[in-house]
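By written order: A, B, C, D and E. Residues from 1 in each chain.
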Amino acid sequence: MNLITAILIFFPLASIPVLYLVKREYVKTAAFISTLIELVLTLYVISEFQIIPDTQFLLDYWWIESLGISFKAGIDGISLVMVLLTNFLMPVVVLSNMNREQMQVRHYHALILFTQMAFVGVFVALDAFLFYIFWELALIPMYFISLFWGKERRIPVTFKFFFYTLTGSLIMLVALIYLYFQTPAPHTFDIAAFYNLNLSATEQSLLFWGLFIGFAIKVPLFPVHGWLPDTHTEAPTQGTLLLAGVMLKMGIYGVIRWVLPIVPEGVMLWKDWAITMGVIGIIYASCIAIVQRDFKRLIAFSSIGHLGLTIAGIFALNIHGLQGGLLQAFNHGITSVGLFFVADIIYDRMHTREIAKLGGIVHKAPAMSIFFMLMLLGSIALPLTNGFVGEFLLFLGLYQYNVWFTAVAGLGIILGAVYMLRSYQRVMLGEANSLTSEFTDMLMSEKVVMGALTAAVFWIGINPKPLLTIAEPALAQILQQYTSFLTMK
Amino acid sequence: MPELTSLKTIPLDWYIYLSLTLFAIGVTGVLLNRNAIILLMCIEIMLNAVNLLFVAFSAYSDDPAGQLFVFFVMVVAAAEVAVGLAIIVMIYRNFQTVNINVLDKLKW
Amino acid sequence: MSGLILLSILGATTLISGVFQHRRLLLPLTLLGLVFTFLFVMGEWSGKATYFADLIAPYNNGMLTFDSFAFAFSGLLLFFSLLVLSLSQFQVQEDVDHAGEYYSILLFTVLGAVVMVSFSNLVMLFIGIEILSISLYVMAGSRKYTAPSNEASLKYFLLGSFASGFLLLGIALIYGTTGHLDLPGISSYISANASSLPFLCILGIMMIIMGMAFKVSAAPFHNWSPDVYEGAPTVITAFMATVVKTAAIAAFLRLMLGSFEAVQGWWTILLSPISILTMTIGNVTALYQQNFKRLLAYSGISHAGYLLIGIVALTYDSPSYNSSGAILYYTAAYALATIAAFAVLLVVAGNSGDSSISAFNGLAKRDPKLAVALTICLLSLAGIPPLAGFFGKYYLFALAINKGLWVLAAFAILNSLIGIYYYFIVMINMFLKEKQDGLPSTSSPASKVVIAICVILTIIAGLFPEGVVQVLK
Amino acid sequence: MSLNQIAFLGLAAMSLLGAIMVVTTKKPLYSILYLIFTFFCIAAHFVILNAQFLAVVQVIVYAGAIMVLFLFVVMLLNLNKESEYRKPALLKVAAAMSGGMLLLLTVAGVVKSGAGNVETAEAALYTQTTIGYVSNLGLSLFKEYLIPFEVVSILFLSAMVGAVVLGRKD
Amino acid sequence: MINLVWLVPLFPLIGFLINGLLRDKLPKTMAGVIGSGVVFGSFLVTCGIFFEHLSTPANSVVVPLFDWITAGNFSAQFSFQVDSLSLLMMLIVTGVGFLIHVYSMGYMHDDEGHNKFFSYLNLFIFFMLLLVMGSNYLLLFVGWEGVGLCSYLLIGFWFKNNDYNNAAKKAFIVNRIGDLGFLIGMLLIFVTFGTLNYHEVFEQAVAKFQSGEWGINSTVMVAITLLLFVGAVGKSAQIPLYTWLPDAMAGPTPVSALIHAATMVTAGVYMVVRSNVLYTLAPVSLQVVLVIGIATALFAATIGLFQNDIKKVLAYSTVSQLGYMFAACGVGAFTSGMFHLTTHAFFKALLFLGSGSVIHALGGEQDLRNMGGLKRWMPATFITFLIGTLAISGIPPLSGFFSKDEILANAFAHDRVAWALLLAGSLLTAFYMFRLFFLTFTGSFRGTKEQEHHLHESPALITVPLMALAILSAVGGVLGLPGLLHAPHALNNFLNPIYEGREAVLASIGYEHHHLAHQTEWMLIGITVAAVVAVIFAANRIFAGYRKEGEPTTFLKKLIYNKYYVDELYDAIIVKPTMAVSEFFFSVLESVIIDGFSVVTGKLAIASGRTLRHIQTGNTGTYLFIMVVGVIVMVVASYFI
């Protein structure tokens, strides 16, 4: 039964050889099927999952016993939500490539599946070292995808991406090693051991930044977001989707799992900074998105804004904020994937992402205009879409922490409407110009992709309860770990 | 032997100073010269300085190890010189000079 | 012990058979011999094969000590030599006449290396180093009629013997102050009056450190290595970059561990700047490097810097973290990747050909397997998990952090970031640049095997480092 | 000021002089000759230190074999015709300075640390040291130092082979 | 019957889905029939519930559907509250909505977006119903934003025209500003009361008040009410957020009638009335509401005087009328507000539809200056429009008279100044409405010849709803006959239940409703009616023989003609700065500093590599020197260890 965790992690890896066995034209299908199976497995896990705070399907074997490094992985509510996101998006991502010309299709999909393995690993790992390994494993194939299949400026841009993120993760590694040496000898990387260390305030502050910077760069949080827009624009579509859909969430997950419970005092001392960064990020990114000329960049900046709010809400450190944060991570995964895919469709047809060159597409592509609008609604958090639930909870949490942060962050929902509607108007509406008049509407597979995403948008928007219930106990426990420290102080 | 007992009149420091000086001269020579052969000789001076030091130490502490070490040093030095001269000959054969300044094609 | 005997026999045999023109035998003979030696050493370690040991033991008055450290590193050295020598054909086929000498000298070099890692008396250290160096002076110049080779040989010779002069001075001063040449004696003296060490002794330690630093090519005594690496025939370069570096760092560690451990306090202060300087210079200089051999030379320098962390943060008592283990693992990881890289270079550019990075352009199209292999090695060198290189780095960083050497750790992190750039540049060349024609691609079964072994071991060692780590527990 | 001291000082002066000449003379040939001279002085020092064996070896190996080898090479390559390459003044100054500095520092070190345990040395020297005698050295050489002795033969072998490989014109 | 309440919003939703998904398949008439049919369906259900409600004593029922959001102690159900207030709104929405749907079948018949139009309309009805039926603030907010979306979609319905798109965008964004206030208000409510359900909130509020925990005007209450009111200001186009409504006229006329006159814009009033308890606890906020309301009423009325676009005039009149409603709430006469809301829904819808019919006849012409004498061609429209105009001007016995008079009376009772201002406002209303009327229907036609040639009465689909609405606006007054006619005030009795909490509070602070003496009321009515009639005649004198005039010349005229340059002002103080800041962020902070950082670091590293490698001179001598220097440094260092 516990092996299901291992299967979840390694099934994608195991299915890579298949890609090299089947005929070239079936590779995409094979990949798609494998991801579907993975999704089914995930659903099975959900069905087996009990609504309790404890970790379930726990897997714990020594890996490097002498160094106290074990292969410890398990699933609790938080992990489950993230794993679900990953494995729900993966088929979508693979499918999004169905009708595209794809060079080196085998390697491409092999890397994608590899990434999936790493993602799932990150979300279920309960041993710091294992976590770090998966964390890096997610980065490498990502880098290769963007480098080998990217666009013109890929080389410098991917370097930027790689260095930004690796800097973060190395700092994080140092922090983890330090924690490791704080554990009673024989030292261990087990997260459980990290939970009940007692560290001095200074240690905790330093460790907080050590860990938090690593995650903040991944999220990415203002002002360390420099890599995101470029990478999004240069990466191939699937790269962008994986990046926006899952990879950024690794940061948020990391904050929840590896920062809050481990260095509570550090969090207590520095959370205002984190929130401030988040809130500034909202305004900053939204403003930039308004004047953005490149459609993909615009979406990228909108991501920065949304995730800034997410971080702010999480650091409000109450159940609403945490629930909102996790849910919003999930939502943003879906919505941003949808928007980026729209951008990809446009680029695929028009070979430009310049908003100024577009316009009037709606006449040629009613279907896409509708899907785009629906995704947009999710992104600007209109009620009955997923975005609303998440952002409302985030605001609720943040408000209970501080009114003024909320007020400023609230401007984000206005600015969000501004840039989204602006872009929609300038891309889709108005008279069709010479370029856009050749636009062809979505193909079946594309419709399926967008359909799935839209369904998710509204399903969560109208019935968020399942996700919230799954996550609630685990989050409550993490919160409790934090508050118990406060009371102990 | 009488002269031996009176050897104590030479402080060990003197030998140390002497060999250090010789060594320094050797180093200076290495830095100063551009002629591979002379360089080699200066290195030999350094080795000899060290030998002297060894012998002095071993004599004053009445311990054969030092002198045996010197023996090995001499052996090594001989081998080194043999190989070194061979290299120099080879160099000369290809460059018609033993000026080490000429050999700076491998750089950066 | 058996290592020494077998190696000398083997060397002599190859020499003779070279003289008697049995060239075809040489390679198999050497490889078989090395395998045999390797097995014997391993057997001796596990106490199974004791014949030679018993033979020699009575005459070995604390000159060599065959502890697990010695065995582990000798094994490593023999294994690397095996790998490198399997590539010999690239070297031999271009001057056939000296095949015999070539093999014998390299085998003697290995012998020197083995002596270096198992010495317990400064005499042996000195002799070992000299055997190693003198043979290498020769091998570096083994392509007699080409300028670079000559230049490399001469530079190596002059700088090397100059450095060994200082080494000798150091030994002499140590001897003079402590009155001992054997490690136990020295260490007992030093630990006895660690507080009030006569300055001459300090000076001696300093000089010895300098001499060893030269051998491991640590800044500021590193200048020889790029030039020599570039000038020497590629096979020899590979040998120097892996076997010699391993032997040097191991000897260095053995020396510090065995004799000067008591005064670690102050030579840590001295060595950590050297370590930082070394890795920084190595990495930064490599950034703008167009020649692959030089690139690997600089990367070798930077890795020497990382390795020095293991000595600076000298730890031997901790059950799971000891410098020997860390350095053993790191050298293994580093050498495996480097050998494979050189093997690929040999295949792509030949033993003497243009070794500029552009030689790899479009390799992914020409020979994808090769490209992937090299990529894996470069990733390992760059320290990307889950490859061996990463774990080695982790191990050393952990040592530093454990000792609370934060500055060192910070620089190490920074450098491992910088380092990534130039490894990735090579990779990008392979995958994204278009190939220009006229490059010979002289593949050979041997090189294929070597590359395969290295890559596989790199991955396995990365996934399951336990074994290696435990060796020296 | 005893006889030995005078002898020592004289020899020291001569050896230093020789060394300096080696370093500074223009022509390789001369420096070789000066080097031989220096070696003889050092051999003499060995004698004073009662290390007869080494003194002899010094003379045979160094002054004999090695220096002859040098001479031979110099003649062979007829290096004497090309006088020492001209050196910029800056180089000279720099070389002298660094050499001098090294000397200064090391000597200062010796002074600082008093001496390398002299008193024990003196105590030792009341009873005459005989370790320098061939017999004694030979014993320890073939007892404790057997292995290095053997190993060094390997060194020789490889050096020989190397020299042949490099030196032979083919 | 009450348990079927979920059908009410469900019907329009279904209609939306059918029309939306099959919009390419369905024939136009079919779509129209479905669109109107579903609304009529919910109208019928509503009526059913309405009569049931009348018969049952239970004044308010909550029908839960399912749990929506639950996190920690926060939980919001998806549940409907049926009480008199929501029923009234439901009736208006579905009833008027139905008429407008029917009208649209005629009006939009030739538009290629016909089916899409109906799906949007249905969606709007759905959200509007959610808004009025929701049993908690969150659900109210859902509808609140939902109708905003629909208004966005419908204003920009003709998306080829970028001005229209801009108008739509403006509407949505300005509304968002209000929504932010509303959202924060909601959060504050939750933090204060731990729930968002009307019942619990109001009960707790009263309880806290009576337990003496709060006094009147407690900070929290004032904050909540003001924040909520910000939302209302945005939604109901009050100063300062009214500017979107006139632009919103870009949408098809039925949209203006339905969304921007009858229903959506009145959501703010509904919300204030719904939260009357909270407002009662914060008289200060009520004062603010009153001031804003009066100001808007007058301000918009004055702008209305000089507008030449028929729909713009109506738009400003809407703004002004909404001002009246808020003023009513401001003086505590919530019922009067609802009353005016209702009648206004009738006659303003009528007026808009009438203008629509005119525009339809003139082939899209909207400029009053090119109309005139239309009564000759389109009698039905003329009559109905006249009724509407009279109603809005407050001529007895039309509905407008009663509602407005009630407001005036309450204002008088509350504060003379307020009364005076509102009276002035109503005079202005009468003036510009009749200006509009005369310019459109009397005199001689000023349009082009071929326009004149095409002039015709609109088809039945258009005129029938007009008549229906005309009747409603004529007799709507019976809902609230003033006390001095000794008739029961139907609306009062109907709505009273929702004021329970309010009454309790008022009772406990010993406030009693002082009714005006009858003669006073008579006097007020007299004054009002007389003044209005006078104004109408004046308007007649001025505009009956209207000739085209050029742009206004005098300063005041120009100022008003250009709507006091408010749009320009906002553009200058809000839009432009925002854009400037964004540009700064993008081109300086992002491009130069944040990108620059990484670029510079990279360049720096490479450059240092390029320079550092020159240490490796290749000259052995140099290397030797470096080594020696290294040794010397080490030795020196060893002195300090």
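Convention: a contact is a pair of C-beta atoms (placed from the backbone, for glycine too) under 8 Å apart; a residue touches a chain by one contact, two chains touch by 3 or more.
This is a predicted model, so every value here is computed, not measured.
Chains that count as touching both chain B and chain C, per the definition above, are D, E.
Considering every other chain in turn, the ones in contact with both chain A and chain D prove to be C, E.
Closest to the protein's overall CA centre, chain by chain, comes A. Using the average of C-alpha coordinates as each chain's centre, D ends up farthest from chain A. Comparing the chain pairs D-E and A-C, the larger number of C-beta pairs in contact belongs to A-C.
Among the remaining chains, D is positioned farthest from chain E, on the basis of C-alpha centroids.
Separation between the centroids of chain A and chain B, computed from CA atoms only, is 67 Å.
One finds 37 Å separating the Cα centroids of chain A and chain E.
Centre-to-centre spacing of chain C and chain E amounts to 79 Å, using the average Cα coordinate of each chain. Averaging Cα coordinates per chain places chain B and chain D 5 Å apart.
Along chain A, residues 159, 163 each make contact with two or more other chains. Residue positions 613, 616, 618, 620-621, 624-625, 628-629, 631, 635 of chain E each touch two or more of the other chains. Contact of a single residue of chain B with at least two other chains is seen at positions 16, 23, 26-27, 30-31, 34, 40, 56-58, 61, 63, 65, 68, 72, 76, 79-80, 83, 86-88, 90, 100-101, 103-108. Inter-chain contacts occur between A-C, A-E, B-C, B-D, B-E, C-D, C-E, D-E. The touching residues of chain D, counted against chain C in their complex, run 106, 109-110, 112-114, 116-117, 143-148, 151-152, 154-155, 157-159, 161-166, 170. Residues of chain A that touch chain C in their complex: 63-68, 132-133, 136-137, 140, 147-148, 155, 159, 162-163, 166-167, 170-171, 173-174, 177-178, 180-181, 186-187.
Of all residues in chain E, only 605-606, 608-610, 612-613, 615-616, 618, 620, 622-624, 626-627, 629-631, 633-635, 637-638, 641 touch chain C in the complex they form.
Interface of chain C with chain E (complex): residues 154-155, 158-159, 162-163, 166, 199, 202-203, 206-207, 209-210, 214, 219-221, 223-224, 226-227, 266, 269-270, 281, 284-289, 418, 421. Residues 2-5, 8, 12, 15-16, 19-20, 22-24, 28, 31-32, 35, 38-39, 42, 45-46, 48-51, 53-54, 57-58, 61-62, 65-66, 69-70, 73-74, 76-77, 79, 82, 84-85, 87, 91-92, 94-96, 98-100, 102-103, 106-107, 110, 115-118, 120-122, 124-129, 131-132, 136-137, 140-141, 145, 148, 152, 155-156, 159-160, 162-164, 166-167, 169 of chain D touch chain B in their complex.
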